[in-house]
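Multiple structures follow.
One chain, chain A, links the two complexes that follow: it is found with chain B in the first and with chain C in the second.
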Partner chain A sequence: MNELKQICKDALSEKKARFIIGYKEDKNKRIKPFIAKTPEDAEQLTFNHHAVNNLAVYLPRFKNNVEGKIGIVVKSCDLKAVTALIQENQIKRDDLFIIGVNCSGVVLDIAKEFNKDNTQIKCKYCQAKTPPYYDALADESKDFEMPDDDQAELMAKIDKMTSDERLEFWNAEFEKCIKCYACRQVCPMCYCEKCIVEKSEPQWIDTSSTARGNFSWNIIRAFHMAGRCIGCHECERACPMGIPLTLLTRKMGMVASSEFGYRHGMSLTEPTLIGTYSTSDKEDFIK
Partner chain B sequence: MEELIISIDNLKEIARELFNNDCRVIGTTAENKFKVIDDPEQLILNPNSVPTGSSFKEFFFPKTEPLFFYKQNNSSIDLIDPVIDKSRIVVIGAKPCDAAALPIISKVFNWDYKDDLFNTRNDNSLIIGMSCHYNDEFCFCNDVGGSPENRKGSDVFLKPLADNYFKAASVTPKGEAFIKEYQKYFEKDLGKNKPLVRKEENPNHFDYDKVKTWLDNNFENKFWDTAGEMCLGCAQCAFVCPTCHCFDIVDEQNGSCAGRRAKNWDACQFSLFTKHASGHNPRDNQEKRYRQRISHKFKYYNDKFDEILCTGCGRCSRGCPVSLDILQIVEEINSLSQKSNAI
Partner chain C sequence: MKIGVFVCHCGENIGRTVNCPEVSKACASFPGVVHSEDYKYMCSDPGQNLIKQAIREKHLDAVVVGSCSPHMHEKTFRKACASAGINSYMVEIANLREHCSWIHEDINQATKKAIDLMRFAVERVKFNQPLETIKVPVTKRSLVIGGGISGIQAALDIANAGFEVVLVEKEPSIGGHMSQLSETFPTLDCSQCILTPRMVEVYQHPKIKLLSYSEVEHVEGFIGNFKVTIRRKAKSVKEELCTGCGLCAEKCPIKKKALSEFDEGLSNRPAIYVPFPQAVPNVPVIDRSVCTYFKTGKCEMCKKVCGREAIDFTQQDTFVTEDVGSIIVATGYKLYSIDKKPEDSIYKGYGEYGYGKFKNVINGLQFERIASASGPTSGEMLRPSDKTVPKKIVFIQCVGSRDESKGFSYCSKICCMYTAKHAMLYKHKVHDGEAYVFYMDIRSGGKNYEEFVRRAIEEDHVNYIRGRVSRIYEEDGKLIVKGEDTIAGLPVVIEADLVVLATAMIAQQEAPKLAQTLNISYDKYGYFQEAHPKLRPVETNTGGVFLAGACHSPRDIPESVAMGSAAAAKSLVLFGADMLEREPIIAKVDATTCAGCFYCQKVCAYNAIEKKEIRDRLGNLQKVVAFVNSGLCQGCGTCNATCPSKSIELIGFKDDQIFAQINAFAEV
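Now for the complex of A and B:
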């Protein structure tokens, strides 16, 4: 931990980064996002199993406002979001000072202790506990017990449903939505300056939280994540109504991978799935 | 008046009778969520439970509701009023920080325009409050004029006793009439069931008057540059909050030449909230929007309606995706106010 503080302190005093987006612990021992602007601020930076937030969500804010590099503390899974933002031209690699942290798993429920049953499913599939690239690296990764993937079971169940049953399942879930847009605000890949639900001339999507309005909103967000979601689970964690949003995004990620061999946020140079076409596509319409 | 008690089983019986009389019974179940109770057996009254994720305001001020419907007929347009549900609403087991919110927001809904939709439901409601034995690092009812025993907003108030009994007292004439209506379910208190007591008193965190004075004088203060810096601008906090009451009005088409005008929840943390048609936005960053949230709660609403727009339930903080904690923010203001006094 001192290592992380030291790295950040040095980065700030040596002006390698203008500020560092990281985590701090508040007086109730909650871990929360924090921007360290001075070497003294860096004293507060920390990292542990409760550092769930994907801090890449803050990067697009600084897109047109960079004098000096933006420092950011990332876990391996968060780095996918950083990579994806670079791939999508939202930020430049050269404008970042990336402080990778070796991760030993993060919690699902921030109010509870870290243990096997309180570990995010994504940690089970995490291929590199050490971020694949960085400008500085902190901490040691420790082995931890892998959680069960309850979601896989539910996904298999949904796969077996008829489309009517599936519609019924999702209607029941979406009905709970209150349109707080926490799922959108917390998502590093939802960076549009004007979201489609905010376009009112004409109004594409009902802003009301009716069955129709909720369905349109949740489905359009899912569509916009096709082949783009990097699987951080933040949307589902943020949803106050407990809607299992990552069932959709994860499924789409699996389809993107099985049908097109593509995973977003894995390479700085690979063209994005949504942004490219290939004449060898198996669908005819594209040719 | 004679002291009364009631058992949980009899409360469930009342719920059953109410339900059979087309009344909307709102209570919490095992999932600790407020919902319309159709099976009284599901009703749970637990003074030790954490405040529910969302408040029960949706039953008084729904997330969306029609103001009118329109339909074009050749050259004329018909306006059709919505049907207002006039059924009685009975909330069973509201915490003091939930119940207190209704009289607070009632003021804004009756300020210049009288909001029929809210008033109809509020007038037809009866709130059975219950003392609270829960307390966590997010709770602060006693700092904003409430307390775990506060009866504000309740018509009948329950105090938990041993063996699943509750001491019951009416708080308002409405509550008195209710107890009379269902008197067969209440028993005389013979003192057999000992009261359950809170483990410890709630701590005090800040001095509201000092916070208010600081807010009066510090609209421009560098504190605001960092207070809301990490806020993502969602509406989780406003939508789960029992006292947030902002709404938007939209027209929505449904089929050709028909549609509705609706009243939908809105929140000051959204970037569009204050955006003018010209494109100008006076609250053009999240820091300013967060200042609005805190100032409306702890200053403006008090200036206008003599109420703090917060009951200290802590919901907004428990659910905030970036763990922004409203109590810690107000505590910081409290210590800033002490510092400025010292100078």
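Now for the complex of A and C:
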């Protein structure tokens, strides 16, 4: 713990970062995002299994930054969002001071202790406890044995469904949607200044919480994530209605990986899947 | 809005399957439609007059024509409407022919569909906006890449019309492959005799700037406004001082180490050389890979003998930039070298013919050099191995061409003709010799071409054998050619003294790289792609870039010259106006909602998307957004489809127009 505080303190006092976006524990013992502006502030920074938020969601607002570097505390899953944002011109690498933390998993329910039954799905198949790159690394990791990836089993089950059954499954899930757009607000990749759902002339998406409106919103959001979703699962965490949104985004990530050997947010130099043509791209969809 | 609807019968084309009067009647009841009629030929003069008359009498704001594909007559109807006083972009075409009458049989159903198509177009046109053509200034100067006969022709035509030309040639001299040829089919006139005057004309033309030993490095800009960076490779000779006396080449101690490119490796050249005596410009270059000075730091013989002190060993590559309005690509071809194949080549080659292994197996261009008066044998018919006169000669056609399993599936087109010519030249020089030609088919389409081949067979008694050769091997100084006569159905064995392979014409190795520099397309063989195979054969998909000669596909001299002139004419069309008019159908960015992800920039095939900074009044950066360069945008709409926040729209195909169309469909 001291290590993270020390790194942040040093970074702020040595002006390596003009502020640091991190986590602190509030008086109710809840971990929440916190921006440390001074070395004294840094004393409050912390990291543990309850540091669920993907802080990269704050970065696009600094894309025209001219003042000094922005410090950010990231888990390896969050770093993928940072990478993707850099690739999509939402932030510059030079404007960042990245403080990576070794992470051994975060909780699903923030009100409960971290244990085998209270682990986020993404952690169950996470392959990088340490962020692949950083400017400083804090080691907060403890060894922890991950439970089975039960989402993969559910996905295999959905894969086996007929398209009618699948439609029924999703209609039942989307029926819950109340169009609060929390999934969009929390998503680091949803940085558009005016979301397509807010376009009215013409209106692309029915904004009412009807079956049609819900379906078009959730499916279009998923499509906009195709080849872009970095898999932080924040959308599902934020959804107040418990819609398993990551079933869609994870599936698309798996397709991108199996069909194109691509995983978004993994490399700063690899060209993005969307927007890059390669002669070796499969064309079997052209009939 | 007052909309006029016009339904064309297209003679019987639409009228046969679509009840046009009924369509017209149905359209009259659509909201906004104040005029509706049908006519047999709407594109004819009387038809157009009906439209004009209706516009004037009923004060129409927009027009919908149900007719053939907009590819055919959209322009016609737009022009007609413009002449009657409404903006030409207030016209929409419903394709009742290709999309309806031609593909359906049932009259009732086709008529119903035609009414639907008309309704979609009527709903769409309500959202159309008057548009003005975009005007772009033109730099009236042309760049020609490649100084072969096609490039020479293009350069001369443009220069003679009074416009400046920059001619870039990668070799030390212009002239291309034509300068290597002995005689030309079908007239047998001497290639150099007809070519060299043209080369000199290029050199002396006040409007042509010749940059030899140079290559195009980088191109930016768009039609009418290109900025081209050209690498001038170091010749190690000061061009402005050299008089072309040739003393340096004569005294150069390196005589045997380098093979002459011009003689296709049949002779040697010194380290400092001009490719051939008639070279233009007549300035030598030093081949640094063989020059003793560049290898050991000693020698300097050429420098010592040069009275003009023109030799400069320290010369470096330099870069020049040229502003031009059009670019003509005339980079030509090369012959399929069947002995040396890159490891990863998909072409399997013809090892069984022994090219590169047997000295007396040569290719067509090498035969040209042997037959040429300026060649290594001074035109005497002597074979390479022992310089004796070959008494039996075998020509093999289609080596690499028309061979999907080993080479290329296309026909190289010129080989039938030049093989007939080779055989003829041989017979003219070796009267008692025997010439055999193995062929698959004789393709001699062209003026006086078939007659020429007949002459070779009938007057010069060349033996044509229809069939392929399976193997060539050497035995007692003879080449044993084993083949098949498919007409007689018999195996053939010929003991030949010399074998000439008509190897395929292939694209230049650097063609794909150049295509990427110029942003033009190329096919799987590396040949550049035309914009339309029939109607736009010299244009590319990039405005202002034209193609000439064999860089497009295998071509003979007359065709290359014609294409050079055609490309020149296309450039001159461009230079005819001071301002270029372009269709206003281009993409437009809504800077207020653009999030600056620049996926549009990644997908744009025309490099038309730029980054634009938006600053407030104090100069503080507000945001960086995408910006469409209207000169480069071709209106393909890819950016429009890619933009996640729908911040790019294609003018003329805006979302509300398309939505209106789709909604009209949903209302059915």
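Basically, the second predicted complex is superposed on the first by the 280 of 287 C-alpha atoms of A that agree within 3 Å, B and C clash if a C-alpha of one lies under 4 Å from a C-alpha of the other, contacts with A are read in each partner's own complex, and residues count from 1 in each chain.
The criterion applied here is as follows: contacts are C-beta pairs under 8 Å (C-beta built on N, C-alpha and C of every residue); 3 or more make two chains touch, one makes a residue touch a chain.
Keep in mind it's a predicted model, so treat the numbers as computed, not measured.
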item	value
First, second, both or neither for A:90, with chain B first and chain C second	second
Which of chain B and chain C A:224 touches, first, second, both or neither	second
Touching partner for A:181 - first (chain B), second (chain C), both, neither	first
Which superposed partner A:275 touches (first chain B, second chain C, both, neither)	second
Which superposed partner A:31 touches (first chain B, second chain C, both, neither)	first
Per-residue touch tally on chain A - higher for chain B or for chain C	B
Partner chain in contact with A:192 - chain B first, chain C second, else both or neither	second
Touched partner set for A:68, first chain B, second chain C, both or neither	neither
Chain C-contacting residues of chain A that also contact chain B	none
Chain A partner contacts - residues on chain C that touch it in the complex	592-599, 602-603, 621-624, 642, 644-647, 655-656, 659
In the complex with chain C, residue positions of chain A that touch it	60, 63-64, 66, 88-90, 191-196, 199, 201-202, 204, 224, 271-272, 274-277
Chain B contact footprint on chain A (complex, rising order)	26-28, 30-35, 53, 57-58, 110-111, 178-182, 184-186, 198, 203, 206-210, 213, 234, 237-238, 240-242
Chain A-touching residues of chain B, taken from the complex the two chains share	53-54, 63-64, 137, 229-230, 232-236, 238-240, 248, 250, 252, 262, 264-265, 267, 270, 272, 318-319, 321-325, 328
